[in-house]
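Quick one: the structure is below, and I'll ask about it shortly.
Chain nomenclature is as follows: A, B and C, assigned in order of appearance, with residue numbering initiated at 1 for each chain independently.
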């Protein structure tokens, strides 16, 4: 189960999972508790429906549940109704993961966080129709709403660098991001360095294009670049000099894509979930067989 | 051709088709006539372009045409222009069905009502751009617009239970739903019982989440659950105790998804066509090969 | 590289490419220059990442770059920032083309202009989030905004007929369309005749449905029909009497689809890029294996 939490960042390591869980509790007890509820439900559903044992053991059936739990408690608040919705959504995430594995198999593409993105988007889009869910308005304004402007300060810069790592789990405090970074370093120093580099690339891309400084400081332009960076350096694509350049381009692309999708995602506070990562990772991974300078990992 | 109408609910039975057609005429002569125009056009197009004879004979090339005819006359009204649009849309539905059969073949997934959903959505989205089509405003307000509130009455409950079966064909009168139920019972008592159970699951899911009572009473939370229920119990997935539970989860998921999509579909009066069914059915059917407790039917 | 420009209209002919380039410069020096920047960047990226040599030589890796260059300078204006964005977008288009070739291979469908459509849409959607990009407001009002009305004049008719061919490259002057037509005639008289017929079918479909006359006159209902017409007559589908009828239906469908998508694309001035063509071409080509009266070309 701890591996499930670590798999959000592609690490099948239970120590990393434990540190990630601690980071969630530092961010707020509700993130830790709801994340656990989601992880347990998704893993149990996969187990009961007969999913492959090695996938369950590696935590590959749990990580989307973690993210669903964290996201729904952030957007819908701490209520018993949210607990019920997290359980229902984690069941849906489990089924959707199995379906995506089938559909993506011919292309050797991973489902990654896509099931989480789909289910969370549907729940948050649907919530206003449901009186029992939407009684309390969700936390949905982006940081730039109360603090507009594009002049990036040093404070925005170093906060954004670490928050970019925490925003993978919707955490916008720099020290929570730092704990996640420590968790990654336990699994692999290369992965931790890549995460930091990804956050930097995403942040600089957003700044260069003139994105809102408060959003950059909250890590909103970094977290997709972090995931894309890790995915394209050794996880799905073999390490090489051309591969590293390719990963930098991928990380920058996911940051640029973040802005394009943000306007479609105002309902979830301009948080694009991990859609930009998912889309960029699929495209950059699917392109590899046709590009002879690159090779798939594993 | 009667089989085409019956295939909306997956039944290749001409008696069922005849009762369904009668139900459409009871709902209003225009639904019967435009449904027939759509069915005939789609079947004829498939025949002329050389689609497989056994698919044409089983009615599999006609049912999307039926639904297009009924939907367009509901949203655009009784005009000669609507007749022309139904014919054009039924041709498009025929070509789209063939394309979807090709694309979905590797995954052994059925196109089902997806071509109807795509074509109708495009036509209704595009209609306001076209002066000759949009001269008369369409019937597009959901029942809850004039009668808001989430307190469900007994009247809402039993009306919604039967309307859920009729709403598959856009019919919101309870007695029309009852005729459709009779048509299903002619084909198979199990299917009729499943349809009723699906409508109940959808209705209760909507009520539990706090959806608008008037929409529940009109069957808007039931019809996707009806189709999902029938599709997952014996049609595409083999019957078993775990399979029955899986179908209940699927039916509830499609009702929850209805709300998520409704906000995207306000232009068509909050009627989500059968998108929730199509998406849930695809996901739940594609997941089966990876879940060892379940098996595909046929 | 000239072949890359000609490949927008499926012609691997460098004379055609030269005439197309001349037409872009007649439309405005910025279209020619930015189109060249896009073509060179996309081709060079494909070459450096190791794409197949025969695809690079045939211009198949360049044409989406051309379109990205022309589209971005139209929507974002002549700035150094736009040059940087065209280069970044052309790199993305190159990677996306390789990814789409992989995904579409099992169905033998071409990626065509889809990578251009995706990247341009994302850039234009994202632009308002980026202060450095959006400083100068883009040219995004459709012609009908300043000149509403559905009564088509003779002037609208013959302008629209030629503009429909030029709008493939976002050019709305009739004489620019005429130069493109000349370029096509150099490659093949049949293709030129098909392009003109496609523009006519699209224009008439828009007029019959009651679209805005100014939009018809600017060729906005013609250009997708032009591309669909060329694609379905000899390019992807073998020539035959039934095939010709099928192409007419396809061209009319793409014009009707244009209106449906226009309402989704108001942010890009009601210009639907070549999405209607891409979607109709995929559907009509994927349908062929199931329709015995038709056959794939090549």
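In the analysis below, a contact is a pair of C-beta atoms (placed from the backbone, for glycine too) under 8 Å apart; a residue touches a chain by one contact, two chains touch by 3 or more.
Heads up on the chains, UniProt names are A, B, C = Urea transporter.
All of these numbers come straight from a predicted model, not from anything done at the bench.
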| item | value |
| --- | --- |
| Copy-to-copy rotation for chain A and chain C - C-alpha atoms, rounded to a multiple of 5° | 120 |
| Same vs different contact residues, chain B with chain C, by half of numbers used | different |
| Centroid distance [mean C-alpha coordinates] between chain C and chain B, Å | 35 |
| Where chain A touches two or more other chains at once, by residue number | 106 |
| Footprint of chain A on chain C - complex, ascending | 48-52, 88, 91-92, 95-103, 106, 121-123, 125-126, 128-134 |
| Complex contact set, residues of chain A against chain C | 106-107, 150, 208-212, 242, 246, 249, 252-253, 256-264, 282-294 |
